[in-house]
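Shown next, in C-alpha coordinates, is the structure this report addresses.
Letters are used for the chains, namely A, B, C and D, taken in the order the chains are written, and counting of residues starts over at 1 for each.
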Amino acid sequence: MSNILKELDEILEARKLQDPSESYVASLYDKGLEKILKKVAEESVETVMAAKDIEHNGDKDHLVYEVADLWFHTMVLLASQGLSSDDVTNELQRRFGLSGHEEKANRNK
Amino acid sequence: MSNILKELDEILEARKLQDPSESYVASLYDKGLEKILKKVAEESVETVMAAKDIEHNGDKDHLVYEVADLWFHTMVLLASQGLSSDDVTNELQRRFGLSGHEEKANRNK
Amino acid sequence: MSNILKELDEILEARKLQDPSESYVASLYDKGLEKILKKVAEESVETVMAAKDIEHNGDKDHLVYEVADLWFHTMVLLASQGLSSDDVTNELQRRFGLSGHEEKANRNK
Amino acid sequence: MSNILKELDEILEARKLQDPSESYVASLYDKGLEKILKKVAEESVETVMAAKDIEHNGDKDHLVYEVADLWFHTMVLLASQGLSSDDVTNELQRRFGLSGHEEKANRNK
(Lines give C-alpha, C1' and ligand atoms only; values in the text may rest on other atoms or scores of the structure.)
Protein backbone atom coordinates (compact mmCIF):
# COMPACT_ATOMS: atom_id res chain seq x y z
CA MET A 1 0.00 0.00 0.00
CA SER A 2 2.74 2.39 1.07
CA ASN A 3 2.08 5.74 -0.51
CA ILE A 4 -1.12 5.22 -2.43
CA LEU A 5 -3.21 7.32 -0.05
CA LYS A 6 -0.60 10.08 -0.06
CA GLU A 7 -0.62 10.13 -3.86
CA LEU A 8 -4.41 10.33 -3.78
CA ASP A 9 -4.22 13.19 -1.27
CA GLU A 10 -2.08 15.08 -3.77
CA ILE A 11 -4.50 14.40 -6.61
CA LEU A 12 -7.39 15.65 -4.47
CA GLU A 13 -5.41 18.76 -3.58
CA ALA A 14 -4.63 19.44 -7.26
CA ARG A 15 -8.32 19.13 -8.13
CA LYS A 16 -8.94 22.34 -6.17
CA LEU A 17 -7.42 24.22 -9.10
CA GLN A 18 -9.57 22.52 -11.73
CA ASP A 19 -12.81 23.64 -13.28
CA PRO A 20 -15.93 21.99 -11.74
CA SER A 21 -17.15 21.19 -15.24
CA GLU A 22 -14.01 19.17 -15.97
CA SER A 23 -13.52 17.17 -12.77
CA TYR A 24 -15.91 15.16 -10.58
CA VAL A 25 -13.92 16.05 -7.45
CA ALA A 26 -13.79 19.74 -8.38
CA SER A 27 -17.57 19.62 -8.88
CA LEU A 28 -17.96 18.17 -5.36
CA TYR A 29 -15.83 20.95 -3.85
CA ASP A 30 -17.92 23.45 -5.81
CA LYS A 31 -21.25 22.03 -4.60
CA GLY A 32 -20.03 22.31 -1.02
CA LEU A 33 -19.96 20.45 2.26
CA GLU A 34 -23.53 19.10 2.33
CA LYS A 35 -23.15 17.51 -1.11
CA ILE A 36 -19.88 15.84 -0.03
CA LEU A 37 -21.51 14.59 3.19
CA LYS A 38 -24.45 13.15 1.24
CA LYS A 39 -21.94 11.22 -0.88
CA VAL A 40 -20.19 9.90 2.26
CA ALA A 41 -23.55 8.75 3.60
CA GLU A 42 -24.51 7.22 0.25
CA GLU A 43 -21.27 5.25 -0.01
CA SER A 44 -21.73 4.15 3.60
CA VAL A 45 -25.11 2.58 2.85
CA GLU A 46 -23.79 1.05 -0.38
CA THR A 47 -21.06 -0.54 1.75
CA VAL A 48 -23.74 -1.92 4.06
CA MET A 49 -25.75 -3.34 1.14
CA ALA A 50 -22.66 -4.87 -0.52
CA ALA A 51 -21.71 -6.54 2.77
CA LYS A 52 -25.24 -7.91 3.19
CA ASP A 53 -25.04 -9.36 -0.34
CA ILE A 54 -21.92 -11.36 0.57
CA GLU A 55 -24.13 -13.49 2.82
CA HIS A 56 -25.97 -14.61 -0.30
CA ASN A 57 -23.76 -14.30 -3.36
CA GLY A 58 -20.26 -14.42 -1.86
CA ASP A 59 -19.19 -11.42 -3.97
CA LYS A 60 -16.44 -9.81 -1.89
CA ASP A 61 -15.14 -7.69 -4.79
CA HIS A 62 -18.27 -5.56 -4.61
CA LEU A 63 -17.62 -4.81 -0.93
CA VAL A 64 -14.01 -3.78 -1.71
CA TYR A 65 -15.33 -1.52 -4.48
CA GLU A 66 -17.81 0.20 -2.15
CA VAL A 67 -15.34 0.63 0.73
CA ALA A 68 -12.92 2.20 -1.79
CA ASP A 69 -15.74 4.59 -2.79
CA LEU A 70 -16.38 5.37 0.90
CA TRP A 71 -12.71 6.01 1.71
CA PHE A 72 -12.35 8.08 -1.45
CA HIS A 73 -15.27 10.34 -0.54
CA THR A 74 -14.06 10.71 3.07
CA MET A 75 -10.71 11.81 1.57
CA VAL A 76 -12.56 14.38 -0.56
CA LEU A 77 -14.22 15.53 2.68
CA LEU A 78 -10.85 15.77 4.44
CA ALA A 79 -9.29 17.67 1.51
CA SER A 80 -12.24 20.08 1.42
CA GLN A 81 -11.40 20.97 5.05
CA GLY A 82 -7.65 21.32 4.50
CA LEU A 83 -7.02 17.88 6.02
CA SER A 84 -5.59 14.68 4.52
CA SER A 85 -5.37 10.92 4.98
CA ASP A 86 -2.21 11.58 7.03
CA ASP A 87 -4.31 13.15 9.76
CA VAL A 88 -6.45 10.01 9.92
CA THR A 89 -3.59 7.51 9.86
CA ASN A 90 -1.71 9.58 12.48
CA GLU A 91 -4.81 9.37 14.69
CA LEU A 92 -4.97 5.58 14.16
CA GLN A 93 -1.23 5.33 14.86
CA ARG A 94 -1.64 7.28 18.11
CA ARG A 95 -4.66 5.27 19.13
CA PHE A 96 -3.19 1.82 18.54
CA GLY A 97 0.41 2.58 19.41
CA LEU A 98 1.53 1.66 15.89
CA SER A 99 5.12 2.29 14.92
CA GLY A 100 4.50 3.42 11.36
CA HIS A 101 8.15 2.60 10.79
CA GLU A 102 7.98 -1.10 10.06
CA GLU A 103 9.34 -0.74 6.56
CA LYS A 104 12.13 1.57 7.61
CA ALA A 105 13.03 -0.84 10.40
CA ASN A 106 13.11 -3.69 7.88
CA ARG A 107 15.34 -1.72 5.62
CA ASN A 108 17.82 -1.30 8.45
CA LYS A 109 18.14 -5.04 8.83
CA MET B 1 1.64 7.10 6.83
CA SER B 2 3.43 4.24 5.14
CA ASN B 3 2.59 1.02 6.92
CA ILE B 4 0.18 2.11 9.59
CA LEU B 5 -2.85 0.55 7.92
CA LYS B 6 -0.95 -2.69 7.31
CA GLU B 7 0.01 -2.84 10.98
CA LEU B 8 -3.60 -2.27 11.91
CA ASP B 9 -4.68 -5.04 9.51
CA GLU B 10 -2.38 -7.39 11.41
CA ILE B 11 -3.78 -6.32 14.76
CA LEU B 12 -7.34 -6.88 13.50
CA GLU B 13 -6.33 -10.32 12.21
CA ALA B 14 -4.76 -11.24 15.57
CA ARG B 15 -7.96 -10.20 17.37
CA LYS B 16 -9.71 -13.17 15.73
CA LEU B 17 -7.89 -15.42 18.19
CA GLN B 18 -8.89 -13.37 21.25
CA ASP B 19 -11.74 -13.85 23.63
CA PRO B 20 -14.76 -11.56 22.94
CA SER B 21 -14.82 -10.62 26.61
CA GLU B 22 -11.26 -9.32 26.43
CA SER B 23 -11.23 -7.36 23.17
CA TYR B 24 -13.65 -4.84 21.63
CA VAL B 25 -12.77 -6.03 18.12
CA ALA B 26 -13.16 -9.69 19.07
CA SER B 27 -16.58 -8.82 20.55
CA LEU B 28 -17.58 -7.21 17.20
CA TYR B 29 -16.52 -10.34 15.27
CA ASP B 30 -18.48 -12.41 17.77
CA LYS B 31 -21.66 -10.32 17.46
CA GLY B 32 -21.51 -10.73 13.70
CA LEU B 33 -21.93 -8.83 10.45
CA GLU B 34 -25.04 -6.78 11.29
CA LYS B 35 -23.45 -5.39 14.46
CA ILE B 36 -20.32 -4.41 12.52
CA LEU B 37 -22.44 -2.76 9.81
CA LYS B 38 -24.40 -0.80 12.42
CA LYS B 39 -21.09 0.51 13.76
CA VAL B 40 -19.99 1.52 10.22
CA ALA B 41 -23.29 3.38 9.78
CA GLU B 42 -23.01 4.98 13.22
CA GLU B 43 -19.48 6.24 12.56
CA SER B 44 -20.63 7.51 9.18
CA VAL B 45 -23.30 9.71 10.75
CA GLU B 46 -20.90 10.86 13.48
CA THR B 47 -18.56 11.91 10.66
CA VAL B 48 -21.40 13.89 9.08
CA MET B 49 -22.24 15.60 12.40
CA ALA B 50 -18.60 16.41 13.14
CA ALA B 51 -18.21 17.94 9.67
CA LYS B 52 -21.36 20.03 10.16
CA ASP B 53 -19.96 21.29 13.47
CA ILE B 54 -16.86 22.64 11.71
CA GLU B 55 -19.10 25.23 10.06
CA HIS B 56 -19.80 26.62 13.51
CA ASN B 57 -16.97 25.79 15.90
CA GLY B 58 -14.05 25.23 13.53
CA ASP B 59 -13.07 22.03 15.38
CA LYS B 60 -11.36 19.95 12.70
CA ASP B 61 -9.80 17.53 15.21
CA HIS B 62 -13.23 16.09 15.92
CA LEU B 63 -13.73 15.31 12.21
CA VAL B 64 -10.35 13.56 12.05
CA TYR B 65 -11.32 11.53 15.12
CA GLU B 66 -14.62 10.41 13.58
CA VAL B 67 -13.12 9.58 10.16
CA ALA B 68 -10.51 7.48 12.01
CA ASP B 69 -13.39 5.69 13.76
CA LEU B 70 -15.12 5.17 10.41
CA TRP B 71 -12.00 3.81 8.67
CA PHE B 72 -11.26 1.62 11.68
CA HIS B 73 -14.71 0.02 11.63
CA THR B 74 -14.59 -0.49 7.84
CA MET B 75 -11.26 -2.28 8.45
CA VAL B 76 -12.96 -4.48 11.06
CA LEU B 77 -15.61 -5.18 8.41
CA LEU B 78 -12.95 -6.05 5.82
CA ALA B 79 -11.10 -8.30 8.29
CA SER B 80 -14.35 -10.07 9.22
CA GLN B 81 -14.68 -11.00 5.54
CA GLY B 82 -11.07 -12.13 5.09
CA LEU B 83 -10.17 -8.85 3.35
CA SER B 84 -7.79 -6.05 4.34
CA SER B 85 -6.93 -2.40 3.72
CA ASP B 86 -4.60 -3.65 0.95
CA ASP B 87 -7.65 -4.67 -1.10
CA VAL B 88 -9.06 -1.16 -0.77
CA THR B 89 -5.83 0.70 -1.53
CA ASN B 90 -5.19 -1.63 -4.49
CA GLU B 91 -8.64 -0.73 -5.83
CA LEU B 92 -7.89 2.99 -5.39
CA GLN B 93 -4.48 2.49 -7.07
CA ARG B 94 -6.13 0.75 -10.03
CA ARG B 95 -8.86 3.37 -10.28
CA PHE B 96 -6.61 6.43 -10.20
CA GLY B 97 -3.60 4.98 -11.98
CA LEU B 98 -1.44 5.55 -8.91
CA SER B 99 2.09 4.19 -8.90
CA GLY B 100 2.20 3.07 -5.27
CA HIS B 101 5.96 3.09 -5.73
CA GLU B 102 6.78 6.69 -4.91
CA GLU B 103 8.86 5.76 -1.92
CA LYS B 104 10.72 3.01 -3.76
CA ALA B 105 11.38 5.44 -6.61
CA ASN B 106 12.70 7.97 -4.13
CA ARG B 107 14.98 5.39 -2.59
CA ASN B 108 16.51 4.74 -6.02
CA LYS B 109 17.50 8.35 -6.36
CA MET C 1 -53.77 14.38 10.22
CA SER C 2 -56.34 11.62 10.05
CA ASN C 3 -56.18 10.00 6.63
CA ILE C 4 -53.33 11.78 4.95
CA LEU C 5 -50.99 8.80 5.10
CA LYS C 6 -53.74 6.49 3.82
CA GLU C 7 -54.36 8.83 0.88
CA LEU C 8 -50.65 8.85 0.18
CA ASP C 9 -50.57 5.02 0.34
CA GLU C 10 -53.22 5.00 -2.38
CA ILE C 11 -51.29 7.43 -4.55
CA LEU C 12 -48.14 5.31 -4.19
CA GLU C 13 -50.13 2.20 -5.11
CA ALA C 14 -51.57 3.92 -8.19
CA ARG C 15 -48.07 4.93 -9.32
CA LYS C 16 -47.32 1.24 -9.91
CA LEU C 17 -49.45 1.49 -13.06
CA GLN C 18 -47.68 4.58 -14.38
CA ASP C 19 -44.82 4.89 -16.82
CA PRO C 20 -41.39 5.41 -15.15
CA SER C 21 -40.74 8.30 -17.53
CA GLU C 22 -43.83 10.12 -16.30
CA SER C 23 -43.64 9.67 -12.53
CA TYR C 24 -40.79 10.01 -10.00
CA VAL C 25 -42.28 7.26 -7.83
CA ALA C 26 -42.78 4.94 -10.82
CA SER C 27 -39.14 5.56 -11.78
CA LEU C 28 -38.06 4.53 -8.25
CA TYR C 29 -40.07 1.29 -8.47
CA ASP C 30 -38.51 0.68 -11.88
CA LYS C 31 -34.94 1.23 -10.65
CA GLY C 32 -35.54 -1.30 -7.88
CA LEU C 33 -34.94 -1.88 -4.20
CA GLU C 34 -31.34 -0.67 -3.90
CA LYS C 35 -32.20 2.70 -5.47
CA ILE C 36 -35.13 3.13 -3.05
CA LEU C 37 -32.90 2.19 -0.10
CA LYS C 38 -30.26 4.71 -1.19
CA LYS C 39 -32.96 7.38 -1.17
CA VAL C 40 -34.07 6.34 2.35
CA ALA C 41 -30.45 6.61 3.51
CA GLU C 42 -29.98 9.94 1.74
CA GLU C 43 -33.11 11.43 3.34
CA SER C 44 -31.98 10.08 6.69
CA VAL C 45 -28.68 11.98 6.52
CA GLU C 46 -30.44 15.11 5.24
CA THR C 47 -32.67 14.85 8.32
CA VAL C 48 -29.55 14.64 10.50
CA MET C 49 -27.99 17.69 8.81
CA ALA C 50 -31.21 19.73 9.03
CA ALA C 51 -31.48 18.92 12.74
CA LYS C 52 -27.86 19.95 13.31
CA ASP C 53 -28.57 23.25 11.55
CA ILE C 54 -31.35 24.06 14.03
CA GLU C 55 -28.65 24.43 16.69
CA HIS C 56 -27.32 27.38 14.69
CA ASN C 57 -30.03 28.92 12.53
CA GLY C 58 -33.20 27.85 14.37
CA ASP C 59 -34.81 26.80 11.06
CA LYS C 60 -37.26 24.08 12.11
CA ASP C 61 -39.16 24.15 8.80
CA HIS C 62 -36.18 22.56 7.07
CA LEU C 63 -36.25 19.65 9.53
CA VAL C 64 -39.97 19.12 8.92
CA TYR C 65 -39.28 19.15 5.17
CA GLU C 66 -36.56 16.51 5.44
CA VAL C 67 -38.53 14.25 7.80
CA ALA C 68 -41.42 14.44 5.30
CA ASP C 69 -38.99 13.37 2.57
CA LEU C 70 -37.77 10.51 4.79
CA TRP C 71 -41.28 9.28 5.63
CA PHE C 72 -42.29 9.61 1.98
CA HIS C 73 -39.42 7.45 0.77
CA THR C 74 -40.02 4.84 3.50
CA MET C 75 -43.62 4.72 2.25
CA VAL C 76 -42.33 4.16 -1.30
CA LEU C 77 -40.21 1.34 0.16
CA LEU C 78 -43.23 -0.14 1.94
CA ALA C 79 -45.37 0.12 -1.20
CA SER C 80 -42.65 -1.54 -3.28
CA GLN C 81 -42.92 -4.54 -0.93
CA GLY C 82 -46.73 -4.69 -0.92
CA LEU C 83 -46.86 -2.99 2.49
CA SER C 84 -48.33 0.35 3.58
CA SER C 85 -48.24 2.98 6.33
CA ASP C 86 -51.03 0.99 8.01
CA ASP C 87 -48.59 -1.81 8.77
CA VAL C 88 -46.27 0.67 10.48
CA THR C 89 -48.94 2.48 12.47
CA ASN C 90 -50.46 -0.87 13.50
CA GLU C 91 -47.04 -1.91 14.81
CA LEU C 92 -46.74 1.38 16.73
CA GLN C 93 -50.28 0.91 18.07
CA ARG C 94 -49.45 -2.62 19.25
CA ARG C 95 -46.17 -1.52 20.79
CA PHE C 96 -47.51 1.46 22.74
CA GLY C 97 -50.97 0.10 23.55
CA LEU C 98 -52.60 2.94 21.62
CA SER C 99 -56.32 2.87 21.09
CA GLY C 100 -56.41 4.27 17.58
CA HIS C 101 -60.04 5.09 18.30
CA GLU C 102 -59.76 8.43 20.00
CA GLU C 103 -61.71 10.24 17.32
CA LYS C 104 -64.44 7.61 17.22
CA ALA C 105 -64.70 7.79 21.02
CA ASN C 106 -64.99 11.56 20.86
CA ARG C 107 -67.72 11.30 18.26
CA ASN C 108 -69.73 9.11 20.63
CA LYS C 109 -69.69 11.79 23.30
CA MET D 1 -54.62 4.43 11.36
CA SER D 2 -56.46 7.63 12.14
CA ASN D 3 -55.11 9.02 15.38
CA ILE D 4 -52.37 6.63 16.31
CA LEU D 5 -49.57 9.07 15.48
CA LYS D 6 -51.36 11.86 17.36
CA GLU D 7 -51.67 9.63 20.42
CA LEU D 8 -47.99 8.81 20.14
CA ASP D 9 -47.17 12.54 19.86
CA GLU D 10 -48.96 13.05 23.17
CA ILE D 11 -47.08 10.21 24.83
CA LEU D 12 -43.76 11.64 23.61
CA GLU D 13 -44.77 15.07 24.93
CA ALA D 14 -45.68 13.60 28.33
CA ARG D 15 -42.28 11.86 28.54
CA LYS D 16 -40.67 15.30 28.81
CA LEU D 17 -41.90 15.39 32.41
CA GLN D 18 -40.52 11.97 33.29
CA ASP D 19 -37.26 11.02 34.92
CA PRO D 20 -34.56 9.86 32.44
CA SER D 21 -33.94 6.82 34.63
CA GLU D 22 -37.54 5.72 34.31
CA SER D 23 -38.27 6.22 30.60
CA TYR D 24 -36.30 5.36 27.44
CA VAL D 25 -37.69 8.43 25.66
CA ALA D 26 -36.91 10.71 28.61
CA SER D 27 -33.35 9.33 28.60
CA LEU D 28 -33.03 10.20 24.89
CA TYR D 29 -34.20 13.79 25.54
CA ASP D 30 -31.71 13.95 28.40
CA LYS D 31 -28.79 12.71 26.29
CA GLY D 32 -29.53 15.37 23.70
CA LEU D 33 -29.80 15.94 19.98
CA GLU D 34 -26.74 14.01 18.80
CA LYS D 35 -27.84 10.85 20.62
CA ILE D 36 -31.32 11.10 19.07
CA LEU D 37 -29.80 11.64 15.60
CA LYS D 38 -27.55 8.60 16.04
CA LYS D 39 -30.66 6.54 16.81
CA VAL D 40 -32.40 7.88 13.67
CA ALA D 41 -29.34 6.91 11.62
CA GLU D 42 -29.13 3.51 13.30
CA GLU D 43 -32.79 2.73 12.62
CA SER D 44 -32.31 3.91 9.03
CA VAL D 45 -29.56 1.38 8.41
CA GLU D 46 -31.53 -1.36 10.19
CA THR D 47 -34.37 -0.56 7.78
CA VAL D 48 -31.96 -0.94 4.86
CA MET D 49 -30.67 -4.29 6.17
CA ALA D 50 -34.18 -5.62 6.86
CA ALA D 51 -35.25 -4.66 3.32
CA LYS D 52 -32.18 -6.40 1.85
CA ASP D 53 -33.08 -9.54 3.82
CA ILE D 54 -36.52 -9.68 2.17
CA GLU D 55 -34.74 -10.53 -1.09
CA HIS D 56 -33.58 -13.74 0.57
CA ASN D 57 -35.90 -14.75 3.39
CA GLY D 58 -39.14 -12.99 2.43
CA ASP D 59 -39.57 -11.72 6.01
CA LYS D 60 -41.59 -8.53 5.56
CA ASP D 61 -42.54 -8.30 9.25
CA HIS D 62 -38.96 -7.41 10.11
CA LEU D 63 -39.05 -4.48 7.68
CA VAL D 64 -42.30 -3.20 9.22
CA TYR D 65 -40.69 -3.48 12.67
CA GLU D 66 -37.64 -1.46 11.63
CA VAL D 67 -39.65 1.24 9.80
CA ALA D 68 -41.78 1.57 12.96
CA ASP D 69 -38.53 2.04 14.92
CA LEU D 70 -37.38 4.64 12.40
CA TRP D 71 -40.64 6.60 12.46
CA PHE D 72 -40.74 6.38 16.25
CA HIS D 73 -37.26 7.87 16.62
CA THR D 74 -37.99 10.62 14.06
CA MET D 75 -41.05 11.44 16.20
CA VAL D 76 -38.80 11.64 19.28
CA LEU D 77 -36.58 13.99 17.24
CA LEU D 78 -39.60 16.12 16.26
CA ALA D 79 -40.85 16.23 19.87
CA SER D 80 -37.40 17.22 21.11
CA GLN D 81 -37.64 20.29 18.83
CA GLY D 82 -41.20 21.20 19.81
CA LEU D 83 -42.58 19.68 16.61
CA SER D 84 -44.93 16.74 16.02
CA SER D 85 -46.10 14.23 13.42
CA ASP D 86 -48.77 16.79 12.47
CA ASP D 87 -46.08 19.05 11.03
CA VAL D 88 -44.84 16.19 8.84
CA THR D 89 -48.26 15.03 7.66
CA ASN D 90 -49.26 18.65 6.96
CA GLU D 91 -46.15 18.99 4.79
CA LEU D 92 -47.05 15.77 2.93
CA GLN D 93 -50.64 17.00 2.56
CA ARG D 94 -49.44 20.30 1.09
CA ARG D 95 -46.96 18.58 -1.20
CA PHE D 96 -49.34 16.02 -2.66
CA GLY D 97 -52.52 18.06 -2.60
CA LEU D 98 -54.14 15.58 -0.21
CA SER D 99 -57.51 16.44 1.24
CA GLY D 100 -56.97 15.04 4.72
CA HIS D 101 -60.76 15.11 4.98
CA GLU D 102 -61.66 11.77 3.47
CA GLU D 103 -63.18 10.49 6.67
CA LYS D 104 -65.12 13.68 7.31
CA ALA D 105 -66.40 13.54 3.72
CA ASN D 106 -67.46 9.95 4.24
CA ARG D 107 -69.25 10.85 7.43
CA ASN D 108 -71.32 13.39 5.52
CA LYS D 109 -72.64 10.75 3.17
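The rule is simple: contacts are C-beta pairs under 8 Å (C-beta built on N, C-alpha and C of every residue); 3 or more make two chains touch, one makes a residue touch a chain.
On a predicted model such as this, the values are computed, not experimentally measured, just so you know.
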| item | value |
| --- | --- |
| Pair in B-D, A-B or A-D that repeats C-D, with over half of contact pairs matching by residue number | A-B |
| Chain pair with more C-beta contacts, B-C versus A-C | A-C |
| Whole-Å gap separating chain B and chain C, where each centre is the average of the chain's CA atoms | 34 |
| Centroid spacing, where centroids are CA-atom means, of chain A and chain B in whole angstrom | 10 |
| Intercentroid distance (Cα basis), chain C paired with chain A, Å | 33 |
| Chain D residues counted as touching two or more neighbouring chains | 37, 41, 44-45, 48-49, 52, 55 |
| Chain B partner contacts - residues on chain C that touch it in the complex | 45, 48-49, 52-53, 55-56 |
| Chain C residues touching chain A - in the complex, by the definition given at the top | 34, 37-38, 41-42, 44-46, 49 |
| Touch list for chain B against partner chain A, complex | 1-8, 11, 33, 36-37, 40-41, 44-45, 47-48, 51-52, 54-55, 60, 63-65, 67-68, 70-72, 74, 77-78, 81-83, 85-93, 95-96, 98-104 |
